[in-house]
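Please find the structures below.
You will see chain A twice below: alongside chain B first, and alongside chain C after that.
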Partner chain A sequence: MIDKTSSEIAVQASRHPHISKTSLWLKKGVPTGALVVLALFPLLQIAFDGYNYWLHMLLYVFLYVIMATSWNLIGGYAGYISLGHNVFFGIGAYLSGMVFVFFQISPFLTAPITGLIAMLGGLLFGLIALRTRGSTFIISTIALVLLVTELLDNWKLTGGTNGLPMSMITLEGQYAKIPYYYYLLVIMVLSIFTSYLIRHSKFGLGLRAISQDEIKTEVAGIPTRRYKILAFGISGLFIGMAGAIWGSYLTYLRPSIFLPVNIGTTIVLMAILGGKGTVSGPAIGAAIMIAVNEFVVAKLGATELNIVVTGLILILVLLYFPEGIVGTLKAKNLLPSFLDWG
Partner chain B sequence: MGTLVVENIVAGYGSGPNILRGLSLTIEAGKTYCIIGPNGAGKSTLVKVIAGLLKPREGRIMYKGEPINGLRADQVLQRGICYVPSDRSLFPDMTVKENLRMGGYILRNSSLVEKRIEQIFIQFPILKEKRSQMAKTLSGGQQQLTSIARAMVLKPELIMLDEPSLGLAPKVVQQIFGTIAILRDQGLTILLVEQNARKGLENADQGVVLDLGMNSFERPAVEVLHDPRIQELYLGKRSRPLQAEAAQ
Partner chain C sequence: MIQIIQVLILGLALGGVYALMSSGMTLIFGVMRIVNLAHAAFIIMAAYISFWLFKVWRVDPIVSMAVTMPVMFLVGVLYYRVLFASRADNPRFTDITVLVTFASALVIEGVLSYLFTGIYRSTSPVYATRPFLIGPFFVPQSQVYATLISIALIVSLWLFLQYTRVGNAIRATMQNRNSAQVVGVNVALVSMLSFGIGLAMAGAAGSLLSFIFTFFPSKHVAWIGMLMSLVVLGGMGSLMGAMLSSFLLAVIASYVSFYWGPTWAPITFYLALFLILLFRPQGLLGKKMDG
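Take a look at the complex of A and B:
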């Protein structure tokens, strides 16, 4: 026991005092470098063409990083698992898409407003559903997705199950993906930055307390319900924006693209894989899961087998990283400093 | 000034029976009270009612001349009454420092909270040493200390400790009572609920004996400590009911 304590002190000591200049440089340099590379990447496509596949994959990663990071605000920090976060995705896509179809206003302009409306929707839903907790809450989020699906499936204005076609962006194929790329990149950076700010704020401390023991948190003087509703709302903001952009990117809106329950669960899986409750975890989880899935599909084809292999990999990772990749490495003090954002 | 008056409190849990059945008690500022009594006497229930965690069915609680029964727990906290529950109530997956910050959550001024935490670190260096460690990795005594320190972040006037020695080794119990002595020296009003009656009374000014949630029998702690009937009570032989004594 004594040995353990002293070794723990040693670990603390090695971790905390004067962080060396190189590690500080790495901590800031690596994320900045990655961002610069991502920002410059489309130049390859502009100059040489032939990189559209990679642009598409990165767009896909950005989208899921945004969703997993946003989900983490309520699901990771506050511990309220929502399986229906793709509802914001659908709301964003349909709102902006309909405005585009009926009023010809570009989703690039309406996306921020759509995000805000998605956030309002989140606050409203949270106001009702966050009276419950545990499995009841989880089921209520699934019910929300089913409800919105039902609505969009049967609403003539949105084309029902047939969906709503939108005209394509007026750019040559070589450049068509680039505006979407930068837009989603910006939303992604904003969502991660928001997550970082919340993680290091008093609000974030309160949310994390809620995830551990709601009654104790209440006793400490935190208006837990208000906090949860707010976190739920904010988590809808960037997903709503991303939905607007994604809808325009696909040029087609259909409930089956945005609202299947398995999109909601994929978001959760990504966050858990990377480490829910950490800032960088959900982003890492999303990137890894998409990369693995793409690799498996490339090797095995889009058969049922790829799902089995992806599942196996997930099981293996979580067996050895029970708190997710970032979460477990952090708990063992093995996380590289450039991924330790709190 | 900071007198706490409990008047004819009746309280119980859910739709269950009354645990406190018309209890009255006066807590004077700056003194240390040790509440003892057999299991089920309502010791913990009393502090929970004062802390605002349990609404009394009848009766009222006055603090500084104002009623505080019916206030929420955080409102009671705002008035300067802190409660340290027997399960320590730390957030296990937060560091010691974060737990202390949770203690000062209701204060708007976060630099004040940081300042007070620094003061606490000076007073209890072990907490400074462990500040980045998860609370769940601390020993029982360190957890109890963190729990008390967390209440101190609010600079309360009245602190209620529910069985601080619960589940601790004798040597650690000694340390905890040492901590309580420091709080006494700072002039805090302390309400101590203890199973370890001897230790508790030795460290208190006044002894309060609770029996079946009805009567409180209050004497200077030294007297209670040497009262043969109290010792009898704790041996489990209750030959004479205390009601008669309290009624006088």
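Take a look at the complex of A and C:
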């Protein structure tokens, strides 16, 4: 972890005074092009069928991009590492799922509301837990996951460890994944856009100042506590929404699907591998890790080894590559402009 | 009344093992400021060694402590040497160790699942299922043996820290790393040694709990929450604190399990952890984790 002073940040900000027209075109064009491709991709499935596997993998990628990008708001910008961010995922899935099971209201309608409730939960947890910092904070987030898991395991209404089955979407197999695909795609774009806006706002600057030196930031007149709590809350918003959609996609709710600690760890790994504190880093880290995991499961054929690979990569990245892909490329001025979103 | 005392006895009979499990973790934090989230995973690793020795050669799990303790000591020394030795002066050291040890725990979990599958295991020496009957009270022999051995080990650790040269060096490093270095303590060696000793305690704990609990590779997650609550309540780095909180929480959990059912017992620990972290991070007898 390098400690940048504020003057260095200012220097970095002014490093690109002159951007040529082609590079500006690339900077905007490549992400837009990628988005158009992603938006059109389901047409292949509608027209030819046989692309459900790829839709499923992309759904996975979207889900984790949402989670890693959201985690980055508090873990990357503000430097408060949470190992329990999948709590929001669980909250979203269970809230929407239960409303669906008991009142037959589709998660597609309730997802935004569940997102807001997850955000509220995040604000509440942040209000209490963000009084601590460093390792105390990290451990309190683990405690939160364990606590919520135990509560859901023992709660009769949600079926405890057995879980809660939900009915399937009434679409033919050929089209069944497509509504989920578009819903998650929209949430993903929104989450990245939010991350971008925050990164380029005074709020984001404050958060990054907190990660450098919280006491100096406080002295400089920035309401650090309010900033941290708000960042933690917002980071729950999109994960909660994604959880609602994911629960409906799996048609099954069980604590062991949403709340195992290795999901929380994977989110952290993705964000750090891609580059924590950058806008595009967590998304890239998520895409890479999904590909690696899929490769491990397909080639080595053992899900147990998946967790070994996750753990090993996390150790190596933490010790030897703490700035992540985007962070390192940026420091060496090698980052292609279309990935440099701040 | 008899029931209430019976529950108290069962709680106390587990307290010693909890104390042994948490003693290594608190020692490691005290000396090196490493929050060893892999501690429970190492304990389970030792439990599997005992399980394997029991299954193949019928080695009694208490006897197999003679294997698990030195093996885990070496594992600890190597683990510290490879991952942490050169990073002790990093300002974000404690934060990084939390993540690195947690990632290590996942690696250990994965390897154990691969080798031993996820099936629930335990060793079954003859005393595992026999109770002592004292008047109207019922005490499982296994828990009595485990707790007595645990207390003996913790007391010897305490005597070692209190009355030997190396022990003094370790305590000096706990109190103030820099000053210890100034007065001539080989802090790097002491750190490595303490990590080894901490994991040797984990090794002993693993052997003992192999016959009082069932275990499986992913169980470490539940135990790390429990261990954290014991260590944090006792005060990070305080051996006496860890012992005190182990007996305290073991008894409370035993009552919770009696009145609300055993599935609620873990919540006692997690809730305790959560509340202590937020309202008294320095615990009963210790210092705060961060500055």
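Quick note on the criterion: the second predicted complex is superposed on the first by the 306 of 342 C-alpha atoms of A that agree within 3 Å, B and C clash if a C-alpha of one lies under 4 Å from a C-alpha of the other, contacts with A are read in each partner's own complex, and residues count from 1 in each chain.
Going forward, a contact is a pair of C-beta atoms (placed from the backbone, for glycine too) under 8 Å apart; a residue touches a chain by one contact, two chains touch by 3 or more.
Everything numeric here is computed off the predicted structure, so don't read it as measured data.
Asker: Report for A:30: first if it touches chain B alone, second if chain C alone, otherwise both or neither.
Answerer: neither
Asker: Is A:38 touching anything from chain B or chain C once the two structures are fitted on A? First, second, both or neither.
Answerer: neither
Asker: Applying the document's definition of touch, where does A:297 land relative to chain B and chain C: first, second, both, or neither?
Answerer: The answer is neither, since A:297 touches no partner chain.
Asker: Quick check for you: in the superposed arrangement, does A:81 touch first (chain B), second (chain C), both or neither?
Answerer: In the superposition, A:81 contacts chain C only.
Asker: In the superposed arrangement, which partner chain does A:176 touch: chain B (first), chain C (second), both, or neither?
Answerer: Neither partner.
Asker: Using the superposition on chain A described above, determine whether A:138 touches chain B (first), chain C (second), both, or neither.
Answerer: Touch status of A:138: second partner only.
Asker: Is A:190 touching the first partner chain B, the second partner chain C, both, or neither of them?
Answerer: neither
Asker: In the superposed model, which partner reaches more residues of chain A, chain B or chain C?
Answerer: C
Asker: Which parts of chain A are touched by chain B and by chain C alike?
Answerer: 1
Asker: Where on chain C does chain A make contact in their complex?
Answerer: Within the complex, chain C touches chain A at residues 35, 37, 83, 87, 90-92, 94-100, 102-107, 109-111, 113-114, 218, 221-222, 224-225, 228-229, 232, 263-264, 266-267, 270-271, 273-274, 277-278, 281, 288-291.
Asker: For the complex, give me every residue of chain A touching chain C.
Answerer: Contact set of chain A toward chain C: 1, 3, 81, 83, 128-129, 131-136, 138-140, 142-144, 146-147, 150-151, 153-154, 260-262, 265, 268-269, 302, 304-312, 314-315, 318-319.
Asker: Mind listing the chain B positions that touch chain A in their complex?
Answerer: 51, 53, 73-74, 77-78, 83, 89, 91-94, 98, 101-103, 105-106, 110, 129, 132-133, 137, 139
Asker: Can you check the complex and tell me which residues of chain A touch chain B?
Answerer: Residue list for chain A touching chain B: 1, 5, 8-9, 12, 15-16, 202, 205-206, 208-209, 212-213, 216-222.
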